[in-house]
Amino acid sequence: SSRILMNIEDYHQAAKEKLSKMAYDYYRSGADDEITLQENTAAFRRIKLRPKVFVDVSHHSTDSNSCSVSLLNGQTTCSFPVLIAPTAMHRLADDRGELSTARAAVRAGTVMMLSTLSTTRIEDVAHEHQQALKEYPTSTSQLWFQLYILKDREFTKRLVQRAENAGFRALVLTVDASRFGNREADHRNGFRLPDNMQLENLYDAGLKEAQSDHVSALNDYVAKNLDASLTWSDIKWLRQISRLPIIVKGIMTGEDAQLAVQAGVDGIVVSNHGARQIDTTYTTIEVLPEIVAAVRGMHNKKKVDIYIDGGIRRGTDVLKAIALGADAVLIGRPVLWGLAVGGCQGVVNILEILKREFKLTVMLCGCASLPNSNTPLSIVQMSKSKL
Amino acid sequence: SSRILMNIEDYHQAAKEKLSKMAYDYYRSGADDEITLQENTAAFRRIKLRPKVFVDVSHHSTDSNSCSVSLLNGQTTCSFPVLIAPTAMHRLADDRGELSTARAAVRAGTVMMLSTLSTTRIEDVAHEHQQALKEYPTSTSQLWFQLYILKDREFTKRLVQRAENAGFRALVLTVDASRFGNREADHRNGFRLPDNMQLENLYDAGLKEAQSDHVSALNDYVAKNLDASLTWSDIKWLRQISRLPIIVKGIMTGEDAQLAVQAGVDGIVVSNHGARQIDTTYTTIEVLPEIVAAVRGMHNKKKVDIYIDGGIRRGTDVLKAIALGADAVLIGRPVLWGLAVGGCQGVVNILEILKREFKLTVMLCGCASLPNSNTPLSIVQMSKSKL
Amino acid sequence: SSRILMNIEDYHQAAKEKLSKMAYDYYRSGADDEITLQENTAAFRRIKLRPKVFVDVSHHSTDSNSCSVSLLNGQTTCSFPVLIAPTAMHRLADDRGELSTARAAVRAGTVMMLSTLSTTRIEDVAHEHQQALKEYPTSTSQLWFQLYILKDREFTKRLVQRAENAGFRALVLTVDASRFGNREADHRNGFRLPDNMQLENLYDAGLKEAQSDHVSALNDYVAKNLDASLTWSDIKWLRQISRLPIIVKGIMTGEDAQLAVQAGVDGIVVSNHGARQIDTTYTTIEVLPEIVAAVRGMHNKKKVDIYIDGGIRRGTDVLKAIALGADAVLIGRPVLWGLAVGGCQGVVNILEILKREFKLTVMLCGCASLPNSNTPLSIVQMSKSKL
Amino acid sequence: SSRILMNIEDYHQAAKEKLSKMAYDYYRSGADDEITLQENTAAFRRIKLRPKVFVDVSHHSTDSNSCSVSLLNGQTTCSFPVLIAPTAMHRLADDRGELSTARAAVRAGTVMMLSTLSTTRIEDVAHEHQQALKEYPTSTSQLWFQLYILKDREFTKRLVQRAENAGFRALVLTVDASRFGNREADHRNGFRLPDNMQLENLYDAGLKEAQSDHVSALNDYVAKNLDASLTWSDIKWLRQISRLPIIVKGIMTGEDAQLAVQAGVDGIVVSNHGARQIDTTYTTIEVLPEIVAAVRGMHNKKKVDIYIDGGIRRGTDVLKAIALGADAVLIGRPVLWGLAVGGCQGVVNILEILKREFKLTVMLCGCASLPNSNTPLSIVQMSKSKL
């Protein structure tokens, strides 16, 4: 339809119309009864904003960098605190797949995290990213590599080194997927990659059979090849094979966040994997305060970044996460909807919508500067309605 | 349809049928997903009344002034504690627009707040109001002027002085709109004023272009001309250019309420701008107790009036707000529905419905007199159901 | 339809089919938006039962009086703790109207409270009741008279004396209706009594005009004739003109319950008038504990009975009310549904359904005897779900 | 339809299509308005999981016994903590009825509890179970006998002895059914057993008439023959006539759980009889913590097992129950859906689905071993959403 695409949900609906049922369901679905999937977005809506008035916010109109954030102790800058989460198989949405996403990241001046399960090779994504940077030389965009550790440690090591060599600037180690969750839609659809696509980075790691058949093949592949015996000491191993900053993705409790910090990570992503792994976990925004308190209470030397993803669909959601202590947020599905609707430009649109909404909320809430761990959080109340 | 119009919601539905989609949506809509818009009315329904019995309430039948209120330290009297909130562009609803509303205010004996963004000139509204007062000489109605401070301070000063000269009796300074909120319906409809209307008071302030096009033009106008750098010290400037009482509209926290009192205002309006600015703020009735406590705890010399608006649709809502500490309430959309359905008479009907419902509630709850800061609030319990 | 009528809701639906819209709406409706009307029943469902097992409950099968209750300090006995609430105009439901209800009360062995606004004369109802008692000599049924105090005290005195002379055994003074509530359905329907009916007990008190027209006429009658200046001292006046026990109906707060006890009443009915007076009051079952605590904490000499009505539709509701401290419950609309569906037999059926359900619940909850102020209330938890 | 049957709800829908309305309603329905029936499943969904990451869970892939549990102080082993609850009349779902269920229990390596109200004789079920054990010699499956104590104690004694002689390994004494609950669907359907089936174990105890007619006949039979005078001292009597472990089924409060332990039982089942007895009781998972605390706080010599049933439909539900202190869970209706859809194989499928889901949840929550009373419960939070 010719409806104006004004917000993320508009893009979602338009993407639903464009994608095959199999691809749409793969992108959209969550574990079991999708209770957490629904709650991930609903929880944000229940958090209340407390706008402050009569604050001079006029510089937000004139200074286009007024919402930019500095991450990983200054090694990274994003034009506003929204990063692209790692999601598998972008070529299901767009012919150029991850190449389009990488170019969009450059245009929007943010980080793209590339999934291990991408349908484009690490090196090709890096090349496209560099080309785009030449066209947009003021962009501070970076590529980070999302890693699954396989039982085959030699293969894993090669993956990491390929990413480092190609210019990726951080490793995002996903720790909540020793198995894939029970996503029933994929089973009902007999989900499989089309013949002209493959998980390019895993091609040489026994993937052939993983693709030959349907979703159980992919799940079997994971069960057979992903390492379910990982413990915190494996962070050490990763440090030995790479000098990149390490961000651990999939933390849902204060206890685990403290273990992560003790293991020396540079950042953590509070994430329930977009509700795709376990149903009826907490939503991420619910546990963020517990995790922020646990990490900020540790007085460790280096600043450990705290990111969050899951259900962020509005500028107000971004401000809430930031005000509750996150350094930045990640978005997963919104990027896929943008990609499906308009390729690279679609992803740029998604990011611009969120940026526009975020800036408006920042101004209307009376934030002279972005809230951070040093400024009071009083503009957001982590509570349900008082009634 | 020929359905009897018994309550505010009946008028809402009838207005929906009469108005163009563009005008209806402009009046009705709220920011983003309209969660706060829905909650503004729903929150009132969750507050419970605790009726007292065997109280002599017979004088309410005989004394028609038994529910009148005295405001602004005795400078204003309203026949019952419901005032007309400032809303833009009444001529979208009724040919005579703000003239009809002003006349209705006189007939109902209450205050009309005229928006800066009216489709009728300040002086014309004042003239109509004076004419009507001659016809209804016992009415205590007053006009108050709602002000947006523009970057062009000279122009703003002229506006204020025109209002003061025309006989307006108070200034209502709106402080929650450094930008306009994200009202998507207006964008989808390509909202613009019809050719035969304009924002009369802003005509000479670069408005031409603001009207030439669609909603973004209006929003751009606001972004370009409204002053987003206001701070509490600007109240001083306003005091210098006018001797009218100043009421600050758009307070949502106890902290800001105290700053307002310190800045010397005569009243505040607890308001989230009818949920049109930021989505997922608190509802106003939720934060009223916090604000009443903050203001009443300050022991400043003059009494500062506390008003509230947002979602008031029933006589019970009015009593709840009063019992929780408000001096009076404002209604926005209900007036527009009345105007659309029946012009001046429609607005009078709306006010009479609320007055009848309010008086009945007052009697049935066993209020010998209206609750105020000196009488116990026990007839209202600021809590959800106990179950 | 030929659906089996198994429970109160079945009778409600069948009655809806049989009654005219005007009569059905009059019976069914509540004040304003009917939020309290809906909550009155919903609140009961949220209260949780905690069944006890391995209690000898076998006597409930053999002893048919095992659930009977003694009221008004032994002056009254009911076969089970459910009484017939006073409701106006039974002849809208059944040709023989209040006569049918009185006979049903006898057959079921319970109290019928006759409304001042009955469509049958006090003396005729009393006569029918005596006739029926002769046919069912073991029945302990009594008639109580529900009283509205009119401004015309002489007329009111005559009403009371007529009731006392006719053999009524208690006065139920309704104190929550200085005006009638805003029941919009009646206004929309232009509610009026059919020509062949009248409010028999008020005929000589200016009722003619009250009936000539529609609902506003009735409301006007109430406004003109009911005494809105009543205070607790008027209980004294009532004591002077009658020796019958006095029960005050319409108490919703602990404060008022204590005032009632101090005024020397014999019982109170916790009631919001079936949600017909003020919308968004508490539900009655919510405030029962507060009132029980207030009354039981007073150590006054005579036992004051506590009744409750509003929303009781299941045997579990009855047990909950009893376990939370009520001596018995009243039912209003269920009786009207029974009357509409099957006249006298319909009302008997309603009472038998509730009795059967109540006894089953009593057994399954492991109550050797009915809970009362001396036995622990642990079978009922006055709380929402723990989740 | 040819929809893939992936989860318990799929089997439910497929069973609904296959069963007669009378049989389906008998299996599905609950007491009164079925509020507890709906809540039994809903409550589980509201409990939140707190997954732990970076725990070595790889042995769950290799060790197929990693989720097996030891019950009744080592006398019983189940392949995973899900047992088959006693449910009446399996032949309504499948020609071979309880024979199919017994065989499925063997194949899945779990306990089957046979209802007193089975449509197959005790001895025949035992024989089938033994045959199946020969075919699956590694299975640790056992039969337990669910007992209703009849007024005719001699007959009851014979039943118990027949079960003991036939090789049943424990007695499950149901204590929440002194009467059957008010299941209205059965009354509306005129529920009765088809001519070719009977309650085989009760045949000689006056059952003839119980079957001749419809549901009231069955209810009358219960009212006439089940013993409603049972008290805790009757446990002694049962101990005298049998050496089998005794499990008491139907405990809903901490008080009763302590009485059970004092009476010397070997286990209790926290159960509201699948919401078929009293409506608006608590859900079982809500009261589990209270009961676990009461029992575990008693320091009695032998370990008393705590089981729970009611609403378990997902692997996450099983883990929640275990983490909150249950030794194992029972499933009632899911087994009936499996039986209706696919006989013995259907039941095996149901158990395998739950086992697969349970194992996946165990791994993804980072449980190196199953939680038990000695390991912290922090993976499950017994609370609503924090928002």
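Before moving on, here are some points about what is shown:
First chain written, first letter: the chains are A, B, C and D, and each begins at residue 1.
The working rule: a contact is a pair of C-beta atoms (placed from the backbone, for glycine too) under 8 Å apart; a residue touches a chain by one contact, two chains touch by 3 or more.
Just so we're clear, the structure is a prediction, and the values are computed from it rather than from any experiment.
Counting steps between touching chains, the shortest path from chain B to chain D takes 2. Superposition angle, chain B onto chain C, using Cα atoms only: 90 degrees, a multiple of 5 between 0 and 180. Taking the CA centroid of chain C as reference, the farthest chain centroid is that of A. Interface residue usage between chain A and chain B, two copies of one sequence, is largely distinct: under half of the residue numbers at the contact are used by both copies. Centre-to-centre separation of chain A and chain D, using mean CA positions: 43 Å. Counting only residues that touch two or more partner chains, chain C has 47. Under the contact rule defined at the top, the touching pairs of chains are A-B, A-D, B-C, C-D. Of all residues in chain D, those touching chain C in their complex are 32-33, 35, 39, 43, 46-47, 175-176, 178-179, 181-182, 184, 187-188, 223, 227-232, 234, 250-253, 255-256, 259, 272, 277-283, 285-287, 382-384.
By the touch criterion stated above, chain A contacts chain B in their complex at residues 3-4, 6-7, 44-58, 60-61, 314, 316, 357, 360-361, 363-365, 378, 381, 385-387.
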